[in-house]
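Take a look at the structure below.
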Amino acid sequence: MVIVMKKGVSESGMDNLIGWLEKQGLRVNVNRGEFQTVLGLIGDTQGLSMDLISGMAIVERVQRISEPYKKANRKFHGEDTVVELGGYRIGGGHFQFIAGPCSVESPEQICGIAQRVQGAGANFLRGGAFKPRTSPYAFQGLRGEGIELLLRAKELTGMPIVSEVMNTEHLPLFEPVDIIQVGARNMQNFELLKELGRLEKPILLKRGLANTLEELLMSAEYIMSGGNERIILCERGIRTFETATRNTLDISAVPMLKRMTHLPVVIDPSHAAGIAQLVYPLSMAAAAAGADGLMIEVHNDPAHALCDGPQSITPEEFAQLAGDVLRVLEITGRGKTK
Amino acid sequence: MVIVMKKGVSESGMDNLIGWLEKQGLRVNVNRGEFQTVLGLIGDTQGLSMDLISGMAIVERVQRISEPYKKANRKFHGEDTVVELGGYRIGGGHFQFIAGPCSVESPEQICGIAQRVQGAGANFLRGGAFKPRTSPYAFQGLRGEGIELLLRAKELTGMPIVSEVMNTEHLPLFEPVDIIQVGARNMQNFELLKELGRLEKPILLKRGLANTLEELLMSAEYIMSGGNERIILCERGIRTFETATRNTLDISAVPMLKRMTHLPVVIDPSHAAGIAQLVYPLSMAAAAAGADGLMIEVHNDPAHALCDGPQSITPEEFAQLAGDVLRVLEITGRGKTK
Amino acid sequence: MVIVMKKGVSESGMDNLIGWLEKQGLRVNVNRGEFQTVLGLIGDTQGLSMDLISGMAIVERVQRISEPYKKANRKFHGEDTVVELGGYRIGGGHFQFIAGPCSVESPEQICGIAQRVQGAGANFLRGGAFKPRTSPYAFQGLRGEGIELLLRAKELTGMPIVSEVMNTEHLPLFEPVDIIQVGARNMQNFELLKELGRLEKPILLKRGLANTLEELLMSAEYIMSGGNERIILCERGIRTFETATRNTLDISAVPMLKRMTHLPVVIDPSHAAGIAQLVYPLSMAAAAAGADGLMIEVHNDPAHALCDGPQSITPEEFAQLAGDVLRVLEITGRGKTK
Amino acid sequence: MVIVMKKGVSESGMDNLIGWLEKQGLRVNVNRGEFQTVLGLIGDTQGLSMDLISGMAIVERVQRISEPYKKANRKFHGEDTVVELGGYRIGGGHFQFIAGPCSVESPEQICGIAQRVQGAGANFLRGGAFKPRTSPYAFQGLRGEGIELLLRAKELTGMPIVSEVMNTEHLPLFEPVDIIQVGARNMQNFELLKELGRLEKPILLKRGLANTLEELLMSAEYIMSGGNERIILCERGIRTFETATRNTLDISAVPMLKRMTHLPVVIDPSHAAGIAQLVYPLSMAAAAAGADGLMIEVHNDPAHALCDGPQSITPEEFAQLAGDVLRVLEITGRGKTK
């Protein structure tokens, strides 16, 4: 951490600050320039409040030099984390398709889709039981019943299931769910993150619509600091000024996250664009950019999905996509492996 | 709602769609142009999924013409909503200061600040018991104990208290809290909004960092559709590319919301900028722009606040600010009234 | 175009407006709903000012239904535009690498790089002579001399050259340049666009940092309306709240632009991220998403480039990248062709 | 400037870098931490390319500590700059209204409006002769003829005139214009800025739609480094995700710029919101926040303005606004003075 002092600060004021910083266990390097004095702090500044210091009358500005996340930081954990479930691995060169409908609607729907996406190469089944909807008048998901239906599809196919939790109070219902998804709107629902840190199952953590990569890793850190280190990060588009697409897929997030963290990174191209025809090109781009997996909405009858219709592709389209994605993976030296 | 058909759509395809729309109780006006055909829907389209329709193969695009919110819409409720509590009113020309520390820390701190801000003109006391912090290693608030301390300050001063809830499971602890605040990160925590719709106390709903005014009103609609119509909207800065300030205060939100809705609108200048010296000019601007109140962080010792230090001003600064704000209110023909 | 009338507008006011619209040569369809009346305009509304109409006292809002660009619009020009130069084609399935240094520095530098990128598969040479720099104290390019050096490299290798113009007054110097580049900051320099519309050479038009795809196409329309229809669009990252990367590459722009327009689309991964290590993954992603080309900064000695150092890769890295990109193109059924 | 070295960098590599930095005339302070080594540079780093250094293989990241602008920096010029013209002053406690139509249309129009806004308290007349329009099919301004008409209005009223230049080639036409305006789209038209630095008249520099305050000051620095230090900064709204208003007025820019620079700051509320009814509240807010002036579009017949209709208010509305703004200025201890 670097502290830029205000111009003309008294020596005694600066000595007080330095003394206080040293009491916090830090070493302080004083850099006196012509126009300003800058303090360089050496040691573990993680417990130090930047706000507290920048609020002091003699301080002009505080800049962080090291990252505020530790457990998620690649610097302290050089090897890729591989999340394994039911014999399937994500991360460290292992790529997976997570596919299924936006909302679980009926046993026929979820079982039918599960079988078809499995046939096309998906090893994980996704399906929404609890649905975050901006309008109170819109379909809110089958909730508990939806999870029951997912379990039926799992029984039939053996696919581990992924579903989104929206509230700590619903967690008991997610007991049989294999991977719990945290939606973009809940990325900074810190009470929920804390609870998930106590579980022993993988968490698929989606980036918030307006959250930085650093904030995404801070949210991962919340879960990891509770003891649960099996996190899969998911980029699903951010909010920008552009209105032609629903969100802007931040494809650079894939290689940037690979530098910043050891956790696996998957892409959700369906929510990123909000347009079914964009799912194929964005999936190909994600694979080419180095993602560890894709989370794709597939519906047997896109025109009649109860929600998020235009994002969904058909099982046939998914099969075509999966085949082409595998060919891209070969070029980048990875492979979808058990 | 307006549906733009794809070029070259067959008559039978269009007839099917029109028939289906009419079955939903809508009247359909067909506008055939040289290059495209546009369907204008007349009637209540609130239950209609735009996504469902725009996902249809024959549809190019769907545009909404009327607002998706009803109870919060000024068109259907021309008069300003006035939220009243303990004899104090917000909205409809009534202006209020809501002041207090970021975090409740001790009985001396909260009672001391309460008395001082009350003396300077604040009728409502704010204080954080549960704190949303981006880092798991940062101070998380006194939680239940913090609410106890707020109650002590209320007992002493008679000021109604405002505090932020972060999770439905904590709601029982908020039983004695007068106004429940929903933080920016929870603006789309729909499960929480639904629970708040069942309560009989005012809700102070903060706009999310990356949420549009329409989305803010949709979240208000969630609460209102449950029966609780006493909502105070709060603008507290949005996230943009600018990094000189923590967030960008959207001052236009005040007059825009006044056009869109009948609900009162307050401004939180403390979080908007993240710099204490900006609290005064932004408060003045908010009053001049027509806000119904200000929510301001005040700390007896800004340098030692446990969180969000640089945003807080001292009681002396608050008293000066409150005096000047009242003079601005006079110009715009409003007044702080019981 | 759709005009939403204010509630309670008088019949005579509406009749006046309708009369005026019909005088502009439009047909007007009146849709009377329970809560609002909406006018649907049929005919060519391109000359109509939305601002003029939405400023009228009786009008609540105006929404455009059709795109404001015509010559760039795929609806009126179904086939891909192929830009051809020196026997090399971009667009319509033809992919090209445009490579070279950020700034032209010396004859040895530009000729050396030209030969090496040509050997690795690039058919076009890029190099900055005039450099837009945010600081007046930074190196501003060799200017006219830089263009001379580019011509030497062209003589040596036969590669057509691409360079950025910053001002109409410099246009005479660009006479021998094969493709004139319009930088992001000049995308809405309308006086420059008009001049370029009078030329008979291809224009590489970069998207502005905060411009929508529609605005990009409006700028293309400016050039095309002057008679020059050989436009290559270039996405190079947009400005968002994320600070980990310099800009956010909008990869969805590739498939979206393909839907909106017939013009070729290339990606500049160097400026998008501002980090050399991201050039490879973003180039792969661009090819996988369907781009018609890549514009890449290559430097023989990245550590000593006079500007934009961290964006540049070495010729060796470029050769590796070009090889892998070609393998991706094969999967998507395109090929780099003469 | 602070240079964060990569983990495990060799001593000799670091010595080379330090030697090179010292040759640039800098002192280097080496801060060795447990996990990383950070170099603190002392001296004038203004000529140093951050990009060059961050591109070095042994460097992880470079952070700037001091501002990259000097002449515009309040640190080196503590007193407010006052721009004076025709006896009217802006800045340093002096407030001015700059008012007039979006586009100059006819002698009657411009002279009529000039007299009316002068009567209501404006001392400067604005009017567009050259208009930046996103569509090539829209009205582009009367150009040279428009400037002639502005001069007629000046002759009649004595008001100094303000008009926007779009291109260096038009500068000779601006010889008789008193204040030259640089529009938002040209804020980083560096060739234009350089030319303006050679003039001896005030420049009204508008912030770009997606430019930071630091970039705005860098553009001011461009002009000032040429010798022309009479710059008036203008905030006119930035581009964000919000679509309810055309742009988002960044009201915090006023107090932030006051901290960063000594230059006067005016607000353009007309373009910020794009809705005439918002001009009054935003003008009041700007005055309350400490702006040095307002630039307002006024039209005698808003419904028939040739461009930007909905942003314009009538002379009557302007007179009302000006009166109320003056009352706000009294509270903040400033006054509109000659």
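Should a chain be cited, it is by its letter among A, B, C and D, assigned in written order, with residues numbered from 1 in that chain.
The definition used in the following text is that a residue touches a chain if its C-beta (ideal position, glycine included) is under 8 Å from a C-beta of that chain, and two chains touch if they have at least 3 such contacts.
The structure presented is a predicted model; accordingly, all values stated were derived computationally and were not measured.
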Computed over C-alpha atoms, the centroid farthest from that of subunit C is that of chain B
Note: of the two pairs B-C and A-C, more contacts are counted for A-C
Taking each chain's mean CA coordinate, subunit A and subunit C are separated, in whole Å, by 31
Between subunit A and subunit B, the Cα-mean centres are separated in Å by 27
Here the gap between subunit B and subunit C, centre to centre from mean Cα coordinates and rounded to Å, is 39
Subunit D touches at least 2 other chains through residues 210, 239-241, 243
Touching subunit D in the complex, subunit C uses residues 46-47, 49, 51-57, 68, 132-140, 166-170, 185-186, 188-194, 208-210, 215, 218-219, 221-222, 225-226, 239, 276, 302-312
Given the complex, residues on subunit A that touch subunit D span 2, 4, 7, 29, 31-36, 38, 40, 42-43, 63, 65-66, 75-76, 210, 239-241, 243
In the complex, subunit A touches subunit C at residues 210, 212-214, 238, 240-245, 248-252, 254-256, 259-260, 272-273, 275, 277-278, 281-282, 284-290, 324, 327-328, 331-332
